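Chain IDs A, B, C, D, E and F follow the sequence of writing; residue 1 opens each chain.
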Amino acid sequence: MNQVAVRNIHRAEAGVIETLGRLGVATVHEAQGRTGLMQPYMRPVWRGARIAGSAVTALCHPGDNWMIHVAIEQCAEGDILVVAPTSACDTGYFGELLATSLQAHGVQGLIIEAGVRDVRDLTAMRFPVWSRYVSAQGTVKETLGSVNVPIVCAGMLVNPGDLIVADDDGVCVVAREQAQVVLDGSIEREKKEAAVRARLKAGELGLDIYDMRERLAAKGLKYRDAGND
Amino acid sequence: MNQVAVRNIHRAEAGVIETLGRLGVATVHEAQGRTGLMQPYMRPVWRGARIAGSAVTALCHPGDNWMIHVAIEQCAEGDILVVAPTSACDTGYFGELLATSLQAHGVQGLIIEAGVRDVRDLTAMRFPVWSRYVSAQGTVKETLGSVNVPIVCAGMLVNPGDLIVADDDGVCVVAREQAQVVLDGSIEREKKEAAVRARLKAGELGLDIYDMRERLAAKGLKYRDAGND
Amino acid sequence: MNQVAVRNIHRAEAGVIETLGRLGVATVHEAQGRTGLMQPYMRPVWRGARIAGSAVTALCHPGDNWMIHVAIEQCAEGDILVVAPTSACDTGYFGELLATSLQAHGVQGLIIEAGVRDVRDLTAMRFPVWSRYVSAQGTVKETLGSVNVPIVCAGMLVNPGDLIVADDDGVCVVAREQAQVVLDGSIEREKKEAAVRARLKAGELGLDIYDMRERLAAKGLKYRDAGND
Amino acid sequence: MNQVAVRNIHRAEAGVIETLGRLGVATVHEAQGRTGLMQPYMRPVWRGARIAGSAVTALCHPGDNWMIHVAIEQCAEGDILVVAPTSACDTGYFGELLATSLQAHGVQGLIIEAGVRDVRDLTAMRFPVWSRYVSAQGTVKETLGSVNVPIVCAGMLVNPGDLIVADDDGVCVVAREQAQVVLDGSIEREKKEAAVRARLKAGELGLDIYDMRERLAAKGLKYRDAGND
Amino acid sequence: MNQVAVRNIHRAEAGVIETLGRLGVATVHEAQGRTGLMQPYMRPVWRGARIAGSAVTALCHPGDNWMIHVAIEQCAEGDILVVAPTSACDTGYFGELLATSLQAHGVQGLIIEAGVRDVRDLTAMRFPVWSRYVSAQGTVKETLGSVNVPIVCAGMLVNPGDLIVADDDGVCVVAREQAQVVLDGSIEREKKEAAVRARLKAGELGLDIYDMRERLAAKGLKYRDAGND
Amino acid sequence: MNQVAVRNIHRAEAGVIETLGRLGVATVHEAQGRTGLMQPYMRPVWRGARIAGSAVTALCHPGDNWMIHVAIEQCAEGDILVVAPTSACDTGYFGELLATSLQAHGVQGLIIEAGVRDVRDLTAMRFPVWSRYVSAQGTVKETLGSVNVPIVCAGMLVNPGDLIVADDDGVCVVAREQAQVVLDGSIEREKKEAAVRARLKAGELGLDIYDMRERLAAKGLKYRDAGND
């Protein structure tokens, strides 16, 4: 029922992708109404990468990484491979050889709700990976899954061609159709934050910048001094 | 019932604080009878910080960081902000903007039993944070909590003005009234350890340094050689 | 019933140990039929170490590190100390003083299914540790366990004298009797991977290198193009 | 961006729903190619219920159950309410009062990836609930979410009107458009299992019923007798 | 530093205790401003018990249940024993023999943030226990803790003599000084809920009973009909 | 390397097995020096079963239950099947059909460090199962494992023919060679406990029965009365 590999998926515009990547996960996630964030157990294998790209998706059987090979052929320059197992699995689906293959095809990174291995090599290659687990446990290649079908990865729906933004804060998914709207919202948010940042740096309080005092009092917050204890 | 913000809390003496910070979590925790250590899931966002300071506490609703704004106003130079939600929550309560505000007021760091975001920025700013989660998921500002009331954070009771010591090993709480006693015990412990360290470095065994052989035998430990297997 | 310390255990040949260490966890684990890997929650305290050595084992009571002292005396140059509690425990069994002692006796590293502390010092000393937890919580020395008996550590059986290989991917156990066979298999695997790596780097697909297309079709994989959505 | 409540959703045919409910989660999940199963942490509050119905979905803020009230109005006789928070939350969103309301409107049960309370009452009322947590921690009603939009609940995409099948094994989602196909497959599977069951009961082995011996041998399985150990 | 057993603690009034027990955890927790609830991992060993009583507290070393014996002597008729380890521990601190002793002294139940064993016997004896784990793993009696000092159990501060309310929803702590206020609030809440319950049972919606429609609209909730999909 | 099925394993004496089963997990575990207990996450699918028998072991690939079919043929009347995956997996390896087959061959129960399904049927059949997970997620039959080799299940080494004792407290493993010694120790322990139980029931304190007061005082326990707070 899910044994299909879809070719020639639609992707977002390159310019939109690039700008969202520069803005980062927290900003993009806020700009789309605090949605799209994968579960916080998705952690970077190494710190410091910040990428954005179109999702090529792979749905795999537990302990079976066969579909990753099928997916690589469907990846274009700049894409991000997103892999989810049909049920929870901590096995090491991915390592340095597959990263070599992805890099050879210009793929920017991997998002996988399972385990990866060859951490030392992935770090040395500067190939960005966000995974749920690190594990050297190997996989088999026996059971079909699908490529470029909608998948749920770490709690979020990912359609092929959706935008993935990933950095040290985690991974955020932006629906392809909403990419431009989210971009506009992100840029606006960034501007506002720049203004707030300058005021906070100068010692102003959020209480005053955001006019919170009245609302706090209305909700019933009382101030008192510490006693002589 | 908990909707209060307490001003002008009592703090420990600056000299005591500074020395405890230099001694570090493991020593201080041992010196106060192996108590005060927060749950080990409290991890530094970046490695290498070692801080100590007086606790300003904030009790927040799940997914709501409003009280952090209220708490910042109550922070003095050198303080450490300690935040706990009323029930478990992995949301990202805190990021680079709030860190900017805390730094502007001379706050040394943040301890939070929830999530934080802007990991890349927090690291670049060298603002020390110990948290339970990393998550970009945003919060609201809708429900009151309290500031500078006793809270339980990661399994430990923290009274406002208690000493917080934090480093790569985790976070330890020292009751304000016991700070001097714990300091004395910590210094004594450090001296003893220095002597033991020199002997261990020279190859002596703990078995001999601590006179364990007799007690082990009395408890029934037997030695035998490996067989020919 | 378990209160014994076994002396003069049998160890694998130094040459075999050294080569396995260079090959690393993922390769060795694959070469022995995807077995021997400890649970992925065993993480290095600091990144970048890669060690191999003969296991000296210690079985400890929860919250009691007494047997580590007994075990150190049984360690020879190049050994790796492997510690497991009789039931799950996150306490900090091990820190900088014990690491100093192990280093003084030429022990290469520690594998422990419990907590460790003094992370900053262990990192500065470059003493490699793989643990389940980081925790400053101290232990007592009250209850006997055993040294150099078979133990289960992080899901794997470890017999004294078994080979331990550990790197950023985790920890793998090789039975002493199988060390030479696993070594031969590992070297063969490494050669094959080198050939595959070169082809992947040149842009060839795993689908072609491993002749997967026919088998995928036989299992029923269908290709189709994305629609006009 | 997600602040919408959708009315008059499309539902599957009553006859299909009823039969799928009788067949149960394991059969339905297998019949749709081993897909659709929510994470196994979704557990029934009390044992023995087996329900099927059309999903009315609610997406809630962490610690905020306001949208459940909005959702109840959109529920029809026989529906199942499916609730997910935008980020992980163990708070008690639901208890006996809301169950009373749902029962009054003929709703069959609740699926919620968060906490519920009033376990004793829910059990006495025989109102079926599958939840991730049991917790008495209360929620607020401050932040909008959405009703009858696609949500991800416990790792599975749920579109409004999809079929939910739930029993002691967990919760399975069937896309509305596939309900008839899955029903046919489930009935076929049930027939085959009945035949196998009779043979197993008579003592025949799966090895023979499924003709496994030859394939096991081909894959390399060897039989040997236990030695004299 | 913590090696003390406190005798003759102050307890709340018997009438207050009894009524709070009848009202149950969810009501009491709400009535004191949604505070006091222990972590939801505290689960009853058997379902159906509902108790309230004054807390006698015991602080134990990991894997060491010695202080429970000391605590039993301090228990009066109707009390509830509350036990916490100084660091997380899943060992079985408590079983049928200790339950026999507690029952002989009229103790109503046990709350323990660790493991218990003899589940079959505890169930048969109808001795109520809320624990974090079930485990047969035994403990030692080697290290002192304290009895009737303030402890943190499952995330909540418990002072000796505080009220404990426990049922199938979990465990709630009420500070002794606030018992009467919380009781009054609980009774008021119960009355209000009775009125709401009757209206919900008759089919009225929470949206109307709580006048939510206007506030939802003001916050921006839009209604629309499902399309022809 | 592990692809073997071993026939005609050695088993313990029927009389020993029967008596150990009657004594139960907690007693047997204590009698063998507090060893042998599987991790506490191994829970009975239904409450009240208490079984003992010889272990037939199966080592399976993640998400692949093929070896269970091979193992069933090796089971004799009264045996207990023990299944472990080579890496952690929550998939449903076992359900009502396999239970029917095991019951037809007189197998007493199943111990599995993975998931099971058909909970309702297993309960109705009174077929005892201890598992780590409940999950309807199906498995494949593609990859060989082994039958009747030593395995690690839930943290414990299980050799084929070892004794398994399981009840509501969990699962305990007794090495076949130690069965008689453990039996003797268990019976002795049971006698002692009977005497203690009678005294506890009569209101005597453990403090007196076990002569703890002097040792507590020697270790430094102080008693004091609660103040006027």
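As a convention for this text, a residue touches a chain if its C-beta (ideal position, glycine included) is under 8 Å from a C-beta of that chain, and two chains touch if they have at least 3 such contacts.
Model, not experiment: these values are computed from the prediction.
The set of chains in contact with subunit A as well as subunit E comprises B, C, D, F. Separating the CA-averaged centres of subunit B and subunit E is a span of 27 Å. Computed centre separation for the pair subunit E/subunit F is 30 angstrom, with centres defined by C-alpha atoms.
Within subunit B, the positions touching two or more other chains are listed as 34, 37, 40, 86-88, 90, 135, 137, 143.
By the contact rule set out at the top, the touching chain pairs are A-B, A-C, A-D, A-F, B-C, B-D, B-E, C-E, C-F, D-E, D-F, E-F. Residue ranges on subunit B touching subunit C, taken from their complex, read 24-26, 29-30, 34, 37, 40, 43, 47-48, 50, 167-170, 172, 193, 196-197, 200-203, 205-207, 210, 212, 216, 219-226, 229.
For subunit B in complex with subunit E, the residues that touch the partner chain are 1-2, 32-35, 37, 39-40, 86-88, 150, 152, 155-157. Subunit E contributes residues 61-64, 86-91, 135, 137, 140, 142-143 to its touches with subunit C in the complex.
Those residues of subunit C that touch subunit B in the complex are listed here as 3-10, 66, 69-70, 72-73, 90, 92, 95-98, 100-101, 104-105, 115, 117-120, 123, 133-138, 141, 143-144, 148, 160-161.
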